[in-house]
Amino acid sequence: MKSIVKMGVIGLALSVSDLAMAEPIKIGMITTLSGGGAGLGIDTRDGFMLAIKQAGNDEIEVVTEDDGQRPELAVQIADKMIQSDQVDILTGIVWSNLAMAVVPSATAQGKFYVSTNAAPAALAGANCHPLYFNAAYQNDNLHEAAGEYANGTYEKMFIMAPNYPAGQDSLTGFKRYFEGEVTNEVYTQVGQTDYAAEIAQIRDSGADAVFMFLPGGMGIAFMKQYAQSGVDIPVTGPGFSFSQDVLPAIGEAALGVKNSGQWAPDFDNEASKAFTAAFEEEYGRLPSIYAVQAYDAAQLILSAAAKADVKDQEAFAAALMEADIESPRGDFSFNTNRHPIQDIYMMEVVDKDGVLTNATLEKVFDDHGDAYAEQCTQ
Amino acid sequence: MSSALLIEQLLNGLQLGVMLFLMAAGLTLIFGVMGLINLAHGSLYMVGAFACAWVSAQTGSFWIGLAASLAAAAAMGALVEILVIRRLYKRDHLDQVLATFALILIFSEGTRYLFGSVPLYLNVPPELAGFVVLSGGSRYQLYRLAIIGVGIAVAIGLWLLISKTRLGMRIRAGESDREMIGALGVDIRTLYTIVFALGAALAGFAGAMVGALQSVQVGMGEPVLILAFVVIVIGGIGSIKGALVGAILVGLIDTMGRFLVPQIFALFMGTSQAATAGAAVASMLIYIVMAIILAVRPQGLFAGAR
Amino acid sequence: MAEPVLSLKGVSKSFGALKATENVSLDLYPGEIHALIGPNGAGKSTLIHQIAGTLRPDTGEISFLGERIDGLKVAERARRGLGRSFQVSSLAPEFSALRNVMLAVQSVQGSSFRFFKPVLSDRSLVDPAMEALARVGLQDRARVPAAELSHGERRQLEIAIALALGSKAFLLDEPMAGMGPEGSKALTGFLSELREEAPILLVEHDMDAVFALADRISVLVYGRVIASGSVDEVRADPEVRRAYLGDE
Amino acid sequence: MSRETYVNIALALLLLAIPFAALQWGSPFYVTLATRMAILALAAVGLNLALGLGGLVSFGHAAFFGVGGYAAGILASHAFNMQPLNLGIVSFAGTNSMLVIWLVAILVAGLLALLIGLISLRTSGVYFIMITLAFAQMTYYFAISWPAYGGEDGLSILVRNQFPGINTMVPLSFFLLCYGVLIAVLILFAFLRDSRFGAALQASRQNEVRVASVGIAPFRIRLAAFVLSGMITALAGALYADLNRFVSPSMMSWHMSGEFIVLIVLGGVGRLYGPVAGAMLFVMVEFLLGGMTDRWQFFLGLGLLAVVLFARGGIVGALAGKVRHG
């Protein structure tokens, strides 16, 4: 029987929808498992697989491959998964630039893409696609929240990000909500490791606080140097630079930093407590936000699979759109551009029994969507 | 813009320059004596940083970590020289580029295998955690000042080593005439291993010191390596003096460019636009300066023995 | 007397404190072999380098066919007809003898910026090259890579290249070096004929060959010309005997 | 025919056979893999002109590759958005015709190669290696920080560009197009190698002084070779952008430049089909190793080191013996 189905798939392409209910779902996960950004990809994979495992649904098959954080490799893997493995859904990409390489061509070839993290503005507005769902956020969300939070707290802000699209979107997102004065707007080089020159400018700026978006190693370097410099202007930022995977490398320098995010391990809802416990038991470490987002992406796919056949794309998309899940983040629904509407919080880095982690400070946005949804007409 | 800020930025440029010098000195020495282009020099920088971070975490002392970084980088340098590099001296530059490119892949992936992908933690030692007050009331980080001091000390030490010691005499002989040092009865294989290990130790030392400021992670050596190339091309390959001048030039231009170019751009365009365009130009500035210097002096400022 | 083909006036070149050539003046006239001799380190090769253009003199003038050439690059001097052989044999080692000569023919014919016609089937390149090889007696070794030729054969090949260039003067730097007696003898005969085609400035250690070939000799010691004249004049010059030939 | 000619024909047929065999056996992805081989081979053929024939070890050819890619990406995006490309004085309409894109890619890369060559060819040896690397880094940083065309995020080409008479969205058709371009450029390369220009270029690699002393200025020959070389690599870049339907600064990273050198050395330096053999092996090994272990770069490094130290001459050298220049 199985071999007959397989032959049918190869020979007759899509004419097998009659066999729908017996048809398993094949998911291709492309994520970063080697190189400097591997920590994020590993959390993505583990969070996703936790949900699959909990569901106990053996009709779902996941193939995982490492993109090495290289766009051209991600494209190659996506082509292979689409053409040879014949996956139904792609997921797992961490980085916006890799998503830009893979997502438009995957959806153009008629595959679902459910994003676990990357959410470039270019895919949220006019170029949105009915098969592209984002389970994480829209890239600007956390910056907007930081801007909104600053309104009540600071008057003059020094804002800084790397000179690339995500960085430019970041400062734009911040300024979209911040109403006070921006003393300096500084763009650093991508991959920059020494921030002495920028720190000197911060010292000189007379700002009340710094907003900085420096993901990965850049943030680690900046925070350490900032703490050593003795400048005592407080730092805020989006949660990326203070998530569970980077906090140990920053060390005490991160203590007290306020950062925006949609989830922290101390969330007081049942789904979150259950998830955190299950994740710690399975992998022996605290989950990061990337694990949560991937966990929700898997939950979304599972919920849709229970209602519709993945080959019937319209029905499956509609089922995904219902977002019928219990997210550790709390309220979760999809906007018209298939990006989340969710609550965004401010967190603070605290020392919890010798482990640095984030504690929830206050809710900044309730049911927050994004600025691009109106432009999405597809 | 206050004068204190300007002084602070000049010091920052100097500190970057001094750090680049530690990298460039090893590269240029190895090229001068053995005629070898070593792309894996950045990997030795990484080895130093990882050794320092790991040993510091185990022992709780930055200083033991720093000593370990010197030892680890020198030992790794000697090992690589004996296993691989010495087979490359008689080869053309193409083979050298390729083999050391392969070494980068091996080092990076090997380090990741040993230490994982998560960046390691390393902080400045408590003894150097303070600040100095600059004229004008601004403060400058003691640790960075210490890096400048150490860099100058290393430069003087290298100069003494090369001009005043027997080893230095042999190195100079090696730079001018390889057959002659054979005739002097010097064991050339040992000399080459020592020079390579010395260069490696300098790189590892730089890696360890900078590791306390930045994040210790795989791939950290590559951007520094390329900057060090720019330094020795500007200074003249094979010349230690050129490496020093080139390093400080690059350090100052890069720092001041990042600081000043966006401000200059802001004089005739919008702030946001000036910030992005200025940053774009600033990131290319040292390459532009390099091109201009080479257009005037194709062999760099201080052309070496070759 | 006719105009000199090549003329040096007051050519000096120093490397730091070392004066490699000091105020050297000499002329090369049509039809003659002018030998340049002197002990090792006297500056003979440095002088050849300055004439060919690989080194620039500090002061002085070099004229060729009545025009100043001391500002020109190597390739330009070669195009004007200054043919050169090297002390340490200098050829394209992977190329066959024939292709080495063809390169010279190609240069004489003008542009090297022709991108499509295969050279090996181009008779306008192959024929003159084979002719030049035949003149130096290398026609049977035409297809052998230069790296596999014997030392003497490489010398012959260099001269074939100079011939193919149609040079109006030859600078030959120790063409006899490393040759056996047979080869030296054959080459001596050949050079003797060659001078009818274009004059030769010859640097040579083999004194038998020099005395057999040279019309005139200049003696270079510590970068200075200490004597210049016919073979007999130079032989008789007491200063030369003292400084160079030793007191026999 | 020489033994090398047989080896070359075998390699050409082997590459051509891969996609047909893949379709036969129901693994259509190998068509894409073969296309990748053809395009990377083409890029390396370009570098082989400078490096193999001219001895110019350029460690910055990724810059030209990226310029080709961006030519395709930028023109296609302007065509897609129907906004003209405004260059201050003049403005062009965007296009999705590959022929126009190729022409633009070749011209822009040629201009860039001329500028880089004018400065870097004044030097030689290690200087040349480092300077070409530095210039490529400069273009890389420029591409990352210039926001207009996506910067670090890169630029998507939503629909593959058009070639007259071919449906480029069909993987096999696109492969055949790339393969055709590769073969055409290989023929061009063979003509260049055997021409007067090629003779002067190869001679200037073997002995610069000799070339000058027969009256040929090596600088101009090398500059021409460097420019041609950059143009070919840019053409490959334009095709690569269309293969991935995406361009990003990573096409200009120094790893890419290193990869081109690897392809040539694996296949055989200066050999006509060296880059083809190198690209076929490299892409296959990368694909298979990548499927087996996350640490594939470690083994890639070891393999590469072994090739450099012990297996000189590359694949074509091993199969066809040493080069003989008539």
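So that you can tell them apart, the chains are marked A, B, C and D in the order they are listed, and the count of residues begins at 1 in each.
The working rule: contacts are C-beta pairs under 8 Å (C-beta built on N, C-alpha and C of every residue); 3 or more make two chains touch, one makes a residue touch a chain.
Just so it is clear, the model here is predicted, and its values are computed rather than measured.
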| item | value |
| --- | --- |
| Least hop count linking chain B to chain C through chains in contact | 2 |
| Those chains which touch chain D and also touch chain B | A |
| Centrality ranking, top chain (CA atoms only) | D |
| Most widely separated chain from chain C, with each centre as the mean of CA atoms | A |
| For chain A paired with chain C, centre-to-centre distance based on mean C-alpha positions, whole Å | 74 |
| Distance from chain D to chain C - Cα centre to Cα centre, in angstrom | 43 |
| Chain centre separation in whole Å, for chain D relative to chain A (CA means) | 35 |
| Junction residues of chain A, two or more chains touched | 34, 163, 168, 187, 189 |
| Overlap residues in chain C, where contacts from two or more other chains coincide | none |
| Residue list for chain B, restricted to those that touch at least two other chains | 109, 112, 276, 279-280, 283 |
| Contact graph of the chains (line, ring, star, complete, other) | other |
| Every chain pair meeting the contact rule | A-B, A-D, B-D, C-D |
| Touching residues (chain side chain C, partner chain D) in the complex | 52, 54, 73-76, 78-79, 84, 86, 90-96, 98-100, 102-104, 106-108, 111-120, 122, 125, 143, 145, 161, 165 |
| Chain A partner contacts - residues on chain D that touch it in the complex | 26-33, 36, 141, 144-145, 147, 150-156, 158-159, 171, 240, 244-246, 248, 250-251, 287, 290-291, 294-295, 297 |
| Interfacial residue positions of chain D with respect to chain C in the complex | 191-192, 194-200, 202-203, 206-207, 209-218, 220-221, 224, 323-326 |
| Residues of chain A that touch chain B when the two form their complex | 34-39, 42, 163, 168, 171, 185-189, 191, 193-194, 196-198, 200-201, 203-204, 217, 220-221, 224-225, 228-230, 245-246, 248-251, 253 |
| Partner chain D, residues of chain B touching it in the complex | 31, 37, 84, 87, 93-95, 97-99, 101-106, 108-110, 112-113, 222, 226, 229-230, 232-233, 237, 276, 279-280, 283-284, 287-288, 290-291, 294-295, 298-300, 306 |
